[in-house]
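In what follows, chain A forms one complex with chain B and a second complex with chain C.
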Partner chain A sequence: MHVTPAQSLSSSISRNLAGIGRALRALFSGPQSALGTALVAFFFILALFGGQLAPYPKANDQSHDARVSPTLDIGSLQLGAHPFGTDRLGRDVYSRVILGASSIFRIAGLGTLISVVLGSALGMTMGYRGGWLDELLGRVIDALLAIPALLLALVMVGIIRNLDFEINSWQAALADEVTLLVIAILYIPVVARVARSAALDIKTREFVAAAEIRGESSAYIVFREILPSAIPALVVEASLRFSYAIFLVASLGFLGFGSPPPSPDWGLMVNENRGGFYRLTPWALEFPALAIALLVIGVNLMSDGIRRAVQKGGA
Partner chain B sequence: MILFLRRRFVFFFFTYLLSSLMIFFLLRVLPGDPARVIAGGREATAEQVEQIRSELRLDAPLPQQYLSWLGDFARGDWGTSIAFRGADNRALISERSINSGRLALVALLLSVPLSLALGVIAGLSENKLPDVIISLLTLSVVSLPEFVTGLFLINIVALGWSGNPLAEALGWWFPASSAVPANASFGEMLPALWLPAFAATLVMLAYISRLTRAGVIEELKRDYVRTAALKGIAWRTVVLRHVLRNALLPTITVIAISISWLVSGLVVIEFVFGFPGLGSLLIAAIERRDLPLVQAIVMVTVSVILLANLLADWAYAALNPRIKLG
Partner chain C sequence: MTQLLDVRGLGVSYRMGRTWLRALREFTLQVDAGQIVGIVGESGSGKSTAALALMHYLSANGRIDGGDLRFLGEDMLAMDAADLRRLWARHIKLVPQNAGAALNPSIKVGRQVAEALKAAEGIADERADQQVIESFRDVNLVDPAQVAKRYPHELSGGMQQRVAIAMALMCQPDLLILDEPTTGLDVTTEAVILDLLRALISGRGAGVLYITHNLGVVAQLCQRVVVLYAGEIMEEAPVAQLFASPRHPYTLGLLSSLPKAGQRKARSRLQTIHGNPPDLRSVGAGCVYADRCPLTIEICRRQKPPLEEVEPGRLARCFRWADVEFPAARLAPIHEAAQAEAGVAGQMVMQTSQLARHFSVPRDLVDMLRGRSPKPIRAVDGVNLRLRHGQTLGLVGESGSGKTTLARIVIGLEARSGGKLELFGADIPGDLRSRQQDLLSQVQMVFQNPQNSLNPYRSVRQTLCRPLVKLRGLSAKAAEHQAMQLLEAVNLRADYADRYPDELSGGEKQRVAIARAFASQPSLVICDEPVSALDVSVQSAVLNLLADLQDEHGSACLFISHNLSVVGYLADVIAVMYLGQIVEVASVDALFRAPSHPYTEALLAAIPAPDPSQHSERILLSDDLPSAQDLPSGCRFHTRCPRNIGEICGRDEPPWRETGSGQGIRCHIPLDELAVLQAGAP
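Up next, the complex of A and B:
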C-alpha cells in the first residue's frame, strides 16, 4: 500500500502524541521526577507571569526603605509588605526574585532550543553521510569538547562584551544576547555528537535502506526516517543540556558575566550581596540563592525522570 | 597496547593543535579589533591602540601571527602581562597553577574515595533504600552550583564554626582562603584549602558516583557473577574479587574526564573563596582584557585536561589485558 507523506506525518504525530502521554505519566509516576517537574513548572509560571505576580514589577524600584528584614511569616502564611525583605538599595527582594525567573528560563531555554535544533541537524547529517567531512567535523568537535564549557563561555562573553559596536546596530543587539548565543554555540557540538551516534545506529536499519532504494533524498532520509527514531535520544540530551544551561547561566551571572546590573538576575543578586554585605542583608543573598538551588534541583530531578521514562518506553 | 597508545597519542596531538587553533582564532576572528579591546575599548586613544598593535605584532597576517604565537608558547615565552603591569605571564601562571594544583589534589583525595564508596554502595543496593538516598543526594544537594555551596560553606560553616567555644578550645578553624598569600607553602596553605576543596568535591561526587553505580549494576548482571554465586562462593568474595575489579576499571577514565569538570568548578570556587589560583587569575585577566594572558591560561588548562586524558588511556591500557589485542 502506498502511504502519502501526509498520512505518514499524521500517523507519526499521533504515535508521538501517544508517546508523550506515556512519557508524562512515567514522569509523574516516580516521586523524585514528579517533585522535579512540579518545581520546574512552578518557576516556569513565575517566568511567564512574573510581571503580574510581583508586587513591585519594576526591577530597579528603589522606592522602599533599605535593609528591611523579611516580613514573611511562614506560620500564618502572611506575606507582609516585603516578604523577602529589601536590599541595601531599597529594592524589594521578593519582587526581584520573581522577576528574575524569566531571564534564566529565556536564556537557558532558547539557548538549549537553538543548540538542539542545529546540533541534531548537523550531527544526524554527519552520521548519515559519513565520509571525510564527518571525520573532520568529528575531530573538531572532540577538540572543542576538550575545553571546559565554562572557560569558553567566560572568554567569549568577556571578549564580546568589550567590543565596541554602534548603538542600535544589529551587532549591538546580538551582543545584548551574548549569554544566549554562547550557550547555543557551546552546546551545538555536544548535541551533534549525540545525534551523530544515534544516526550511525539508526542508518543500519532496514527502513533506511528501503528509503534509499526508493530513491529518497538524503534530507528526506535524515529528517523523515532517522529523526523520528532519534527523538528519544535527543529528548534526553535536550533535557540534560537544559539543566546544564540553567547551571551555566546562574554561574555566569554570579561571576559577573551575565546580565549587567540592575537586572534581577539571580546569580548577579547573589554576587552583589555577598562578602561584607551578607552581614547587613543576609536575606538579599539567601532568597535568590534558594531560588537557584530549587530550580537546579528541580531541573536535575526532572531530566533524570525524563531519561528513565524514555529508556523504559524505548526498550 | 603499543598500537592503541600510539593511536591515542596521535589523537592527543591532533586535538591539541586543533584546540590551540581554536583558542587563537576565537580571540582574533571575533568582530572588532583586538588591539582596541586590549587598550580599553571605546575610551582608548589611537596612540595606545597603535602601541599595543605593534607590541603584540597584531599587524602581521593571521597565519603568521598564529605560528609565532604557538612557537612562543611552546618555547615558554608567554609575554608580559598587560593587566598585572610588567609581571611575567609564565611566572604568574606557574605560581597560580601550583596553588590550583594543590586545591585540585586535596579535592581529588577527598572526592575519589568518597564517590567510589557511594557509587559502589548505591550499585550493590540498586533501587533499595541506600541507593535511593544516595541518588537523591547526588542529584540534588551535590549538583547545586559551586557558588551556592561555596557561599554556604563560607557563611554558615566557616563563620558559624569560628565563633563557638569548641573552636576556641580546639584552636582550629577555617581561615579565609583570600587571606592566603599566593606564594605560601603547602603546609601554610592547607588549613585554607579544606573548605574550597570540599566544595570542589561536591562537583565531582555526583558525576563519579553515578558512573560507578552504573558500572557496578552492569557487572552484577554478567554471567560470571551468577556462575561464581552458584559455585557457592561467598557473596562478599564475588563482589570484592570479581565485580569491583571489573566495575572500577572504567572509573579511571571517568576520573580523567571529571578533571575537566573540576577545572570549571575550580574557576567558580576560587572566585567565591578569593583563592589565588589559576581560575581567579583567568577571571581577572578577562575582566582586564589581557588577551595574551587569557590565551596562555586557556592553553595551560587544555594541556592539563588532555594530558590527564592521555594518562587515563595509558593506565586503562596497562590495567586491562583485553586492550593488548587491539
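Up next, the complex of A and C:
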C-alpha cells in the first residue's frame, strides 16, 4: 500500500479534528464546564453580532427618555422598549451592554493571544537553551512578576497616555489600543514561565536527543519537536490568562484608565453610574456589573473544564 | 499443612470511562502455609491486579465480578472494612514494587515501621522501637539503630526495599504478598534481597505469593508457579516441572525466547513469540493466546479452553497441551558469513583514550564561606575502549556506573571533561553542534525508553522520513519510499506508517526507533538498554532485529545493558564498568570463563538462572555502590570486593593487566592467581 502525501495530510487533519471534537465533548461532559462554555459562547455571539442584535446600535445614542426603569418581564419573556432601562443621559442600557461585549473580547482576547504567542516563544527558547540567557531573562521575569499586575498596568497606561502623539501616527493607534498592549506585556512573563517549565520537562525526553544527534537547529527543536507536546499546558494557561484579562479590562475601565467615556465599556459604565447616580438609576450599574460577573465566571468554569479535559487526555 | 488462601473463579474489572475492562478472569489459586507460589506475567497480564484482589483491596474504579475468596476458611468478600483492616494489619502483608514511593517521605523509617507494629499489636512505644531495630537487624541492615533515624530518601533503593520487607515481616504475617520487590534494583542488589527473602521465609512458615515478570527469579525462589497472560491463568505447575516440560504454548514461548548461556547471535537467532499481547477491550470468545500461538487450530478461536488438570498437580488452559513439547535444542541456521567477520581485525570505528566526564557540584553557602568547592562527581573517569568495524561492544555495569554517560559522550549529547575520542580514525570534537553532518549520519542511537524516544505528535512516517531527508539528503518522495522499506525491514506492516506513537505497543515503538537509527545507514549504532523496558515475549524479537540489521549494514554497535545474558547474546566483546572505570574487557567467550575480575564474577553469579536445577553459588556483594563523588581510594571496588587481599587494595590503584588474547583486567591479583581462585570457588 502506498500512501500519497495528500492522504497523509488529510489523515493528520482528521486526527486534529477528531482531537477538537473530543475536547468539545469533554468540555460539555461536566455540568460546570458546560455552563461556563455556554456562557462564553453566548457573550462571544454578542461580541460578533452585537451591532445587529442591539436595538440601538449607536453606542452614544442619547435620543431616549432619561432614567426609564427596566421593562424586562421575565415571566412572559417580553423585552419591552428598554429592557434594562435607560441611564441618566437617556442611553439604552440594554444596547450598551450588548455593544460592550465586542470591545472586551477584542482587547482581552487579542491581548491574551499576543502574550501567549510571544510568551511561549520566549519561554520555550529559555527553557531549551538554558545557560546565561535563561538565567538573565528568568531574573527579569521574576522581577516583573513581583510587581502587582494592576499597579504595573496603571503605570504603563500612565506612561503611554503622557507621550506626545502626532495625529494618525502609529503611536496614536497605540494610544487607542493601550489596554490591549498592557495586557500583552503584562502576561508575557507569566506565560513565558509556564512555557519554560514545560520545555524544561519535555527537552529531557529522548526524542529531543534524537533530534539533536540528527543535527537539527535549535529553532527546529523548539518549535517542531518540543512545542507540540507543550500545547496542552499552553492552552490551559491561555484560558486562564483570558479570564484574568477580562477582569483586568473591566478593572481598568472602572478606574478610568480604559476606553474613554462615550464608549460602552462595562467597567466604565459601572464607574459612571456609581455614587449618587446609583440611587437614581441603579440598573445602569447593575446590568453591566452582572455582565462582567457572568463572563468572568463563565471563562473560569470553562478554563477549569479545559484543564481537566487536557489532563484527562494526557500526552 | 494448613491452606491459607483459597481463590476460585475470581474476576476483577476496572471502569474505563463508561465500560468495564475485565482485567482478571477466572482466577483460581491455593496457597498453603510455608509455600512460595510465583505469579509470572508480562505487563498488563493482571498480576498486580491479582495481588490487590487477593487482599480485597482494589482501587476505587475496580470491582470484583464474582468468584470466591477465602482466607483461612473465612469469606473475605463478605468482610466489612474493619474486618479487612484487622486482617491486613495482622495476617496478610504486601511488599510493594517501589518501596521508595510506598514509604512516607516525611516520616523517619523507624517510626513508620513502629506505627505499623503498634497498629497491629497495640504495644508501647519503647518496646515497638526495640522490635523495629530487631527487625531491621533481621533484614541485614547495617547499623539498624542509625537507619531507623533516617528519612526514606536518605536510603538507597536496596535499603528502602529492606525496610519495606522488615515492615511486612515484623508482625509475623500468615501470608506475604510480594509485588515485584526486586524490579528496578540492580542485579547484585536483587541477588542479596532474594537470598534474604529465602532465608526469612523458610524460617517462618508463612505462605508467600511472589509476583514477577522475571522467570529466573521464579526458578530460583518459588515452589509452584502460576503463569498469567492477558488476565487469565495459562498454566500452573510445580516449578521444576514447569521449566522442564511446559504444557502451555505460551510458557514454552517465554522459556525459549530467553537468551541461553552461550547462545550467540552469530550462531543462532533467538526464538520469538510473534505478535503482541491482546488488548483487553477486544478479548473475544476464543483462547486469549490464539493469535500468537503456533499450535492454534480452529477450535481455539471459537471456544475458550478450560483450565484443566493435565497431570496430578498441574493445570493448563489449552486444547492442545498434549502437543506442547520442548524442541530439542532447535537452533536456527548458522550465519556463517557473520561469524567469519566477527573478530577479524577490521577498521577502527571508535577509540577512546582516558575519556572522562566530571560533573561539578554547585557550592552551598557553607562551602562558599569556607572557600572550598565540593568534589566533582566523576561519572566517567579515564576510559579506554576500542571498537572495530562490524563489531559489537557490550558495556555492562550497575546503575550509576557511568555507562549511559559514556554513551552520551560518544554520541555528543554530553561534553567531555578530558581525554580523547576518535571516531573513524579522526579526532572528534565534543560538541555536537561542531560535528559535520557526515559524521552525524554515521553515528546514531537507540534509546532506552520507547515511550519517550518517539515524538508523540509525529506519525511513524514523519519520524522515519526526517532523518532520510535531513541526513541522507533524499527528496521528500524518495524518503517516503525509503521509509516504507525501513518499516518492512523492522517487520512492521505498511499501514503502520500513518500511526502515531500512542497507537503502538512498546515493542513496536522500539522497532520504529531502531528503524529511525538505521535510516541514515550509520557505521556506529549506540544502543542504550534498548530492551530493558520491554516484556520478555517481545524482547527477543527486538534483539533478533538488531542483530539482523547490524549484519545487513555491517555497522559497529556499542550495546549498553545491565543484563549480562542479553549482552552475551549480542556482543563480541564485553567491557565491564564500575564507578566510571573499565574493570575488565574480554571477548564474550573469555568473559564467561575464568579468570575474570572479581566484580564481573559477582555480576555473573548474581544473575538468577531461569532453570530451577541450576543453583549458582551466589557471591553476595555487601553494601551499595559507593558515591561517584566520594570514590574509594586505591581500587574502587575494594570496599565490596569478595576477593580483597588486604591493605594494597585500599591503597594503590590496581594495574591494568592483559592476557595475550586481548582480555584485560584491572586488579591487584595476578591473572593466574585469579584463575586458580575462581576455579576453586565452590
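FYI, the second predicted complex is superposed on the first by the 297 of 315 C-alpha atoms of A that agree within 3 Å, B and C clash if a C-alpha of one lies under 4 Å from a C-alpha of the other, contacts with A are read in each partner's own complex, and residues count from 1 in each chain.
One rule holds in what follows: a residue touches a chain if its C-beta (ideal position, glycine included) is under 8 Å from a C-beta of that chain, and two chains touch if they have at least 3 such contacts.
Please read these numbers as outputs of a predicted model, since none were measured by experiment.
Asker: If we overlay the two complexes on their shared chain A, which of chain B and chain C does A:142 touch? Say first, second, both or neither.
Answerer: First partner only, chain B.
Asker: Report the partner of chain A that touches more of its residues: chain B or chain C.
Answerer: B
Asker: Applying the touch criterion given at the start, work out whether A:205 contacts chain B, chain C, both or neither, answering first, second, both or neither.
Answerer: second
Asker: Based on the superposed arrangement, let me know which partner A:289 touches: chain B (first), chain C (second), both, or neither?
Answerer: First partner only.
Asker: Output check: A:214 vs chain B and chain C. Expected answer is one of first, second, both, neither. What do you get?
Answerer: second
Asker: Would you check which partner chain A:304 touches, where first means chain B only, second means chain C only, and both and neither mean what they say?
Answerer: first
Asker: Considering only the touch criterion stated at the top, classify A:229 as touching first (chain B), second (chain C), both, or neither.
Answerer: second
Asker: Identify the partner contact of A:156: answer first if only chain B is touched, second if only chain C is, both if each is, neither if none is.
Answerer: Only chain B; A:156 stays clear of chain C.
Asker: Taking the two structures together, which residues of chain A meet both chain B and chain C?
Answerer: Touching chain B in the first complex and chain C in the second, no residue of chain A appears in both lists.
Asker: Touching chain A in the complex: which residues of chain B?
Answerer: Result: residues 11, 14-15, 18-19, 22-23, 26-27, 30-32, 36-37, 41-42, 136, 139-141, 143-148, 151-152, 155, 260-261, 263-264, 267-268, 271-272, 282-283, 286-287, 289, 291, 294, 298, 301-302, 305-306, 309 of chain B touch chain A.
Asker: State the interface residues of chain A toward chain B in the complex, per the touch definition above.
Answerer: 32, 139-140, 142-144, 146-152, 154-156, 158-160, 162-164, 171, 247, 250-251, 254-257, 267, 270-271, 274, 278, 282, 285, 289, 292-293, 296-297, 300-301, 304
Asker: Inside the complex, what are the residues of chain A that reach chain C?
Answerer: Listed in rising order, the residues of chain A that touch chain C are 1-3, 5, 8, 11-12, 15, 205-207, 209-210, 212-216, 225, 228-229, 315.
Asker: In the complex, go through chain C and note every residue touching chain A.
Answerer: Listed in rising order, the residues are 411-413, 432, 435, 437, 440, 443-445, 447-449, 452-457, 459, 461, 466-467, 470-471, 476, 480, 484, 494-495, 497-498, 500, 502, 513, 516.
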